[in-house]
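Order of writing sets the labels: A, B, C, D, E and F. Residues in every chain begin at 1.
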Amino acid sequence: MENHPDLPHLDPEGRVHMVSVGEKDATQRLARAEGTLRTRPQTVRLVAEGRAPKGDVLAVARVAAIMAVKRTAEWIPLAHPIPITGVSADIKMLDDGFLVVVTVATVGPTGVEMEALTGVSAALLTLYDMLKAQERGMVIEQVRLMEKRGGRSGTYQREEG
Amino acid sequence: MENHPDLPHLDPEGRVHMVSVGEKDATQRLARAEGTLRTRPQTVRLVAEGRAPKGDVLAVARVAAIMAVKRTAEWIPLAHPIPITGVSADIKMLDDGFLVVVTVATVGPTGVEMEALTGVSAALLTLYDMLKAQERGMVIEQVRLMEKRGGRSGTYQREEG
Amino acid sequence: MENHPDLPHLDPEGRVHMVSVGEKDATQRLARAEGTLRTRPQTVRLVAEGRAPKGDVLAVARVAAIMAVKRTAEWIPLAHPIPITGVSADIKMLDDGFLVVVTVATVGPTGVEMEALTGVSAALLTLYDMLKAQERGMVIEQVRLMEKRGGRSGTYQREEG
Amino acid sequence: MENHPDLPHLDPEGRVHMVSVGEKDATQRLARAEGTLRTRPQTVRLVAEGRAPKGDVLAVARVAAIMAVKRTAEWIPLAHPIPITGVSADIKMLDDGFLVVVTVATVGPTGVEMEALTGVSAALLTLYDMLKAQERGMVIEQVRLMEKRGGRSGTYQREEG
Amino acid sequence: MENHPDLPHLDPEGRVHMVSVGEKDATQRLARAEGTLRTRPQTVRLVAEGRAPKGDVLAVARVAAIMAVKRTAEWIPLAHPIPITGVSADIKMLDDGFLVVVTVATVGPTGVEMEALTGVSAALLTLYDMLKAQERGMVIEQVRLMEKRGGRSGTYQREEG
Amino acid sequence: MENHPDLPHLDPEGRVHMVSVGEKDATQRLARAEGTLRTRPQTVRLVAEGRAPKGDVLAVARVAAIMAVKRTAEWIPLAHPIPITGVSADIKMLDDGFLVVVTVATVGPTGVEMEALTGVSAALLTLYDMLKAQERGMVIEQVRLMEKRGGRSGTYQREEG
């Protein structure tokens, strides 16, 4: 199972495979990703000002993130199944949208950035689903890795906002 | 199963439920969504200029979209399971990224915009996964509904590009 | 695909199969089931008196019920996959436990009592999971069908409370 | 969603998609497939002569077939999700192997031959798994469609045994 | 990822997360749970006295337990995915019902009581499904943890029967 | 959890269980399996001579193999969930069919021969699905283990081609 020099998910002849990680050590690893659902201000207020609904809307999106993180290897064809050891999903209400931040931890041979990004995507889609009766023009924006720790490639910290 | 006046995924007391659609007619419905993975130009060129890899990288992302569309109700907690009747996933290479467009068709009582948006997200995450060894700063941007047809609420067409 | 005279999930020679329902009409059907997680009073109070936690604990259990209902055919080997059209999950705090009530609706050729019972079980297990650090002796009790409507066999209503 | 003239799972430019079936009528359809696990005679006798084991070994393989049939669209990337209405799985003990026959019925817009073939494969793999401690040289052979009824393309009946 | 003082599945502000277990040692752990499906005596006799059916009915319920145990983290939103190393499912026919006992083993950082309870629930629901044509009033009762070994919190043994 | 002397997936009384592997060491293990889809020569040529289609058809089958390998424990009821560390799937075009070879690696307490065989089956079924509009008489043949390394039982190498 040799890898393509530039794109390790391909072999030298350009065919996809699942990269071999069996020789890597299992170490503590963490990744944090975030993304935004851009909405109209009144859509945020509908959630923020509601008494009861607020808890449920945000709780459902958090649960969606946690459940998607655990099943990342089913959504991303070449991702390794990874024994997740912890997940948190935080949702901030902005003036004109919702910021989702997901942090994932594992002890294993590969990083968990795909798990964090998948959790963010699932939470944003879930918020969209619950709010789409109110607003059709919502946009998912700026889904990206913010921080990554552990493993051979060391710590990554995104510089800008 | 009464719905909240503003947010139908909630009941009048703010608790989540799955909205009842049993009384709706099954009609032909279609949704088209798109989103972008923003990368450096050299990351696109790596895929575009490679001989063999190109086919596989884009094919894997298309498959990821199609498979995710079929299982949308497992990602999105309150989404209805829907008998998808057709899916296409198109990926355009931009100067500085990849544009994914997913079109989903069904004959059923609810729309398929969540399915189209979920397919776009899965394809973008899959591209990210295959390219992350080359570039860590990639960002998923502008995931949004472009068009929606069929059903009681009629046709929706996003105005801006 | 002939059925055993007493147990339709078996053929006349006693081998399991999935009962054929292709000749049945698709009609509106509903089932309601309930079950109880028996706890100590202080475990209920911990959820009831908490300010923020309460919303999340009950919301997570409701989501677990809804998601399990949709995937009943994956948990119950001989159950038919069914296009669920609506689900609600209600959780009442008792003096010494939690009562979960799940109502499921479909338009299809088979009933949804297994879906309702599966949703109840998933919500009870989820509550158990969230509360087990507080109390180990909790017991799931009285998981049962309360009402069933639609289909050839007509309406069923459980008599005792 | 136009199809390639020869391979409908591709579009005219050779990219995979899920073929659109929304305009097809939902009709009763049936498919029967079979396949063989070739073993040494003593491996068959171990199952056949065992008192209790026999029931469980064959029952587990039947259950594996039924459960795999229901989830065919998760294993086969471009397969449509289909509302299965009936499945039977029969296993015959041969002198030197096991013959698995799976019959699948649906009322829908596409045939169920992939479902029947997937059920056969799952039962054969499950038998292999349970018997592999006894014999390593077993081979799965002759997995094929035997009969197909319903739909526009009419009845198919394999000629040879 | 700090935990709420009383309910570790919540953070100090009451939002759900998946508890971090990355710092815990992987040790051998075992849990045993049980539960009962209460039926009429004639429903038990139908299974017990049947010649062939008996094997299949109980085998299918055992398989349902084993398969559900493996996928517990998909039923229970905040459960960790756990590498199960062994499962047994035993079903006793009582005078007026069926007693299911599931034992689960792992080598990992968290206990497997949720896995054992989930396996019991799946087997009971599967029995219910196969018997519901005979009797509608069946009730799932007394699903509970009987024993737990391994891990920091030590051995738990339920006192009453 | 004692095993049957001949068939370890059964207990001494012939009831299925999941064999306990918790006391086994986690070691590097590899398995390679293969199988053939027998077609008419013109069906192979359709894929081989097509310009664009070729890449996608074979890429989709490779992805199907990789995704099925990861979820083997969901297809095969008594298989252990295993942390796969690498997968490759190779497809050779023969004069009259397609030869699929899947290699799977893990670091764990059990072998991965079922994973390799499951990957082969999924790829063959996926090829069948994409080609069935061209030819109905295709047959899956000779699905078998070719090589196995690691673990207590040592290396296995199939002798004949």
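Keep this in mind: a residue touches a chain if its C-beta (ideal position, glycine included) is under 8 Å from a C-beta of that chain, and two chains touch if they have at least 3 such contacts.
Since the structure is predicted, the reported quantities are computational estimates derived from the model, not experimental observations.
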item: Contact-richer chain pair [B-C vs B-F]; value: B-C
item: Whole-Å separation of chain centres (CA-atom averages), subunit A against subunit C; value: 31
item: Cα-centroid distance, subunit D relative to subunit F, in whole angstrom; value: 16
item: Residues of subunit E touching at least two other chains; value: 15-16, 52, 54-56, 59-60, 62-63, 67, 71, 74, 77-78, 83
item: Every chain pair meeting the contact rule; value: A-B, A-C, A-E, A-F, B-C, B-D, B-F, C-D, C-E, D-E, D-F, E-F
item: Contact footprint of subunit C on subunit A as seen in their complex; value: 52, 54-56, 59-60, 62-63, 67
item: Residues on subunit A engaged by subunit F in the complex (per definition of touch); value: 1, 11, 15-22, 73-74, 77-78, 80-83, 108-109
item: Parts of subunit C lying in touch with subunit E, wherever the complex brings them together; value: 4, 6-10, 13-16, 35, 46-47, 50-57, 60, 63-64, 67-68, 71, 74-79, 113-114, 117-118, 121-122, 124-126, 128-134, 136-145, 148, 156, 158
item: Subunit F partner contacts - residues on subunit E that touch it in the complex; value: 28, 58-59, 62-63, 66-67, 69-71, 83-90, 103, 105-107
